[in-house]
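Below are the structure tokens for one structure; questions will follow.
As written, the chain order gives the labels A, B, C and D, with residue 1 at the start of each chain.
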Amino acid sequence: MRLLLTGFEAFGGDRVNPTEAVVAALHGQVVAGAQVIGAVLPVDAARAPGAVRALLDEHQPDAVLLTGVARGRAQLALERVAVNVQDAALPDNAGRRLSGEPVVPGAPDAYLSTLPLPDVLAAWRAHGLPGYVSNTAGLYLCNAAMFAARHHLGERVPCGFLHVPANEWMALDARPGEVLAYLPQAEIERGVRVALAAVAAGVRAPA
Amino acid sequence: MRLLLTGFEAFGGDRVNPTEAVVAALHGQVVAGAQVIGAVLPVDAARAPGAVRALLDEHQPDAVLLTGVARGRAQLALERVAVNVQDAALPDNAGRRLSGEPVVPGAPDAYLSTLPLPDVLAAWRAHGLPGYVSNTAGLYLCNAAMFAARHHLGERVPCGFLHVPANEWMALDARPGEVLAYLPQAEIERGVRVALAAVAAGVRAPA
Amino acid sequence: MRLLLTGFEAFGGDRVNPTEAVVAALHGQVVAGAQVIGAVLPVDAARAPGAVRALLDEHQPDAVLLTGVARGRAQLALERVAVNVQDAALPDNAGRRLSGEPVVPGAPDAYLSTLPLPDVLAAWRAHGLPGYVSNTAGLYLCNAAMFAARHHLGERVPCGFLHVPANEWMALDARPGEVLAYLPQAEIERGVRVALAAVAAGVRAPA
Amino acid sequence: MRLLLTGFEAFGGDRVNPTEAVVAALHGQVVAGAQVIGAVLPVDAARAPGAVRALLDEHQPDAVLLTGVARGRAQLALERVAVNVQDAALPDNAGRRLSGEPVVPGAPDAYLSTLPLPDVLAAWRAHGLPGYVSNTAGLYLCNAAMFAARHHLGERVPCGFLHVPANEWMALDARPGEVLAYLPQAEIERGVRVALAAVAAGVRAPA
């Protein structure tokens, strides 16, 4: 079994992205009997969706866990839905600011996650990891990557997005006076690993 | 021109719902040359979608503005999307707790708002009313009402949802120690009126 | 009876300070039989405490209500305490950044408000105005003004601080994507007026 | 050198208090050459201040670090000040609800922390631990314990309070829909240990 795990490069002035280090740590490992294929996506609206599609075509994964960081969130979060809109005050790393463009012109308005969300939540709980299902992935690159992947895959391959909080380095780098919620990088990595195992189990024994 | 304006009855232990009073105040009025037809929806997952469809069929409105209260929000908010999922810790007023059921089985995953969102934001700004576009309407009755309406109407009639903050009475009723964001009821009503006028203008001069 | 009411000029890049307009509106008015003397304080750590003392000496008020804006707060708030420390990431309007200096060297660590806090809360509630008692006024100019006034006055003259939320113009000016809690300026002014009346009543009939 | 480290028992319906486990882990250990004396305080307004005084008299510590949990906070926080007021919507574990009583009748309005706050912040940063100085310890038992200790000790023994976020078990126990900020218990314990070492270093080499 092959699990595609993606993260993102740093953006928005951050020096690090916790998901980049998670991908580096888990790429090539075997989690719950499945081979993890890690890849870091560019924070570039013109390139990220195509990069996702290329990874899907090349690796033909059995399940896909896309990850990104959501500054200000306090717990690990599975995204419920990706919408066909891009809109953000923050430009991407190529300097492009999106305001309303679809991710895939002509595609449906949105796609729900096809990951086994309750299974991941239960696995997190069993491992002492609080987490929840978020109802918006924002309208920046994270949402676009999930939308592009879901549109490309259809229903046949479990696919969804996991947002992680800032890590300690982002919190230490925050602007003076900002008390940023964070989790230690090691805890973030543990949370992604547990999620991958639950996703792998779901592929073996679909609901 | 006929504008359908809906609100909701109180729920979750609240004694009032700001949108119920807004509907009472605006029903039968003429806003920007359009007749406002007001209706209050039940906070009952089994009945609300059907109630919305019945209103649409009966009144054949030229545009639809659904409204509800979002406790804890600080400004008026237009919802960007309604998803085909119902899931909430809080039971509805009939005591039913939803956990993952679709609003309309077999329907698409989500619908985007067909209201002229930038026009409403601009009208609010011109009237000194801060507001924004929210990317999640939650998974309670508000989302379900918008989903049901959009599914019933298709693209032909502008339709969307406006969430208002708590009003002063909800803030005064909050539990001890809770500093709930609120807007005065008169300000909420003004915000809905300005939104209705912008929606009516959009019907006359579609983008 | 004379009530001293102070506000502050704008700071931190804001174009307005809601309390400056409140002071302009209420200066010279009679509230609950008391003459309101309004004054706007500079956001300058080197000058504000002296300006407060000069106002107290010149006007010999029967009670003192200092006001300022607290960006991000959602309701009117009476401050419980002012501490003898100045410390803020944001420089004052003279460009000076404070990091730990006392307001008055050698003075006590802190002073509690001598305003009739429960009476003001009750008056607000009776007028449909949510509000609360805050346990920190921050360590910027607001806290310093209250500390300087309380140190100068001792226990003999009721004196305290009222923080107001941002108004609509600050919310409309916020950075893209920031949903700033606010109250309409007219509501803020009403809240200060009701507080002044409760303070005046407390001077006439001390607890 | 002897360092007194206190925590609190669980309260408010929580099944655990992260500081109770921290005290159990660190009691009897040597941190930076100092002996740690751990003690758990009762969440009982009638007993906690006396319990603090008894510990100070019995152990004659060279420095005092009081700790407690602050539900909803996102990082470790040193408290700057304790005020001579008790007031909380939540009753204590003996069922007593406080509303305005002083901690020590006739004592000053407040005491500032005498811990080397910048040293602890610097030590945390050096160990990858985000943290900050909070300007309010609330008006519940945490504040009362710090006030009682500072009043008893005067300036001669460094003494202050450290608030920790919820841990994973509190976050997992939170009410449905509540996304509570938390830190893993192991991270909280590490943060307290690093703070104790910085406090011990400050005793050896006062500023």
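Following the convention adopted for this analysis, contacts are C-beta pairs under 8 Å (C-beta built on N, C-alpha and C of every residue); 3 or more make two chains touch, one makes a residue touch a chain.
The model shown is predicted, which means the values in this text are computed figures rather than measured ones.
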{"item": "Chain D reached from chain B - shortest hop count over touching chains", "value": "1"}
{"item": "Fraction-based call for chain B against chain A, same above half, different below", "value": "same"}
{"item": "Chain centre separation (chain A, chain C; CA means) in Å", "value": "45"}
{"item": "Separation of mean Cα positions, chain B and chain A [Å, integer]", "value": "31"}
{"item": "Separation of mean Cα positions, chain D and chain A [Å, integer]", "value": "37"}
{"item": "Chain A residues within the chain B interface of the complex", "value": "80-81, 83-85, 87, 108-112, 133, 135-136, 138-139"}
{"item": "In the complex with chain D, residue positions of chain B that touch it", "value": "88-90, 175-177"}
{"item": "Residues of chain A defined as touching chain D within the complex", "value": "73-75, 77, 125, 128-130, 132, 168-169, 171-172, 174, 179-184, 187"}
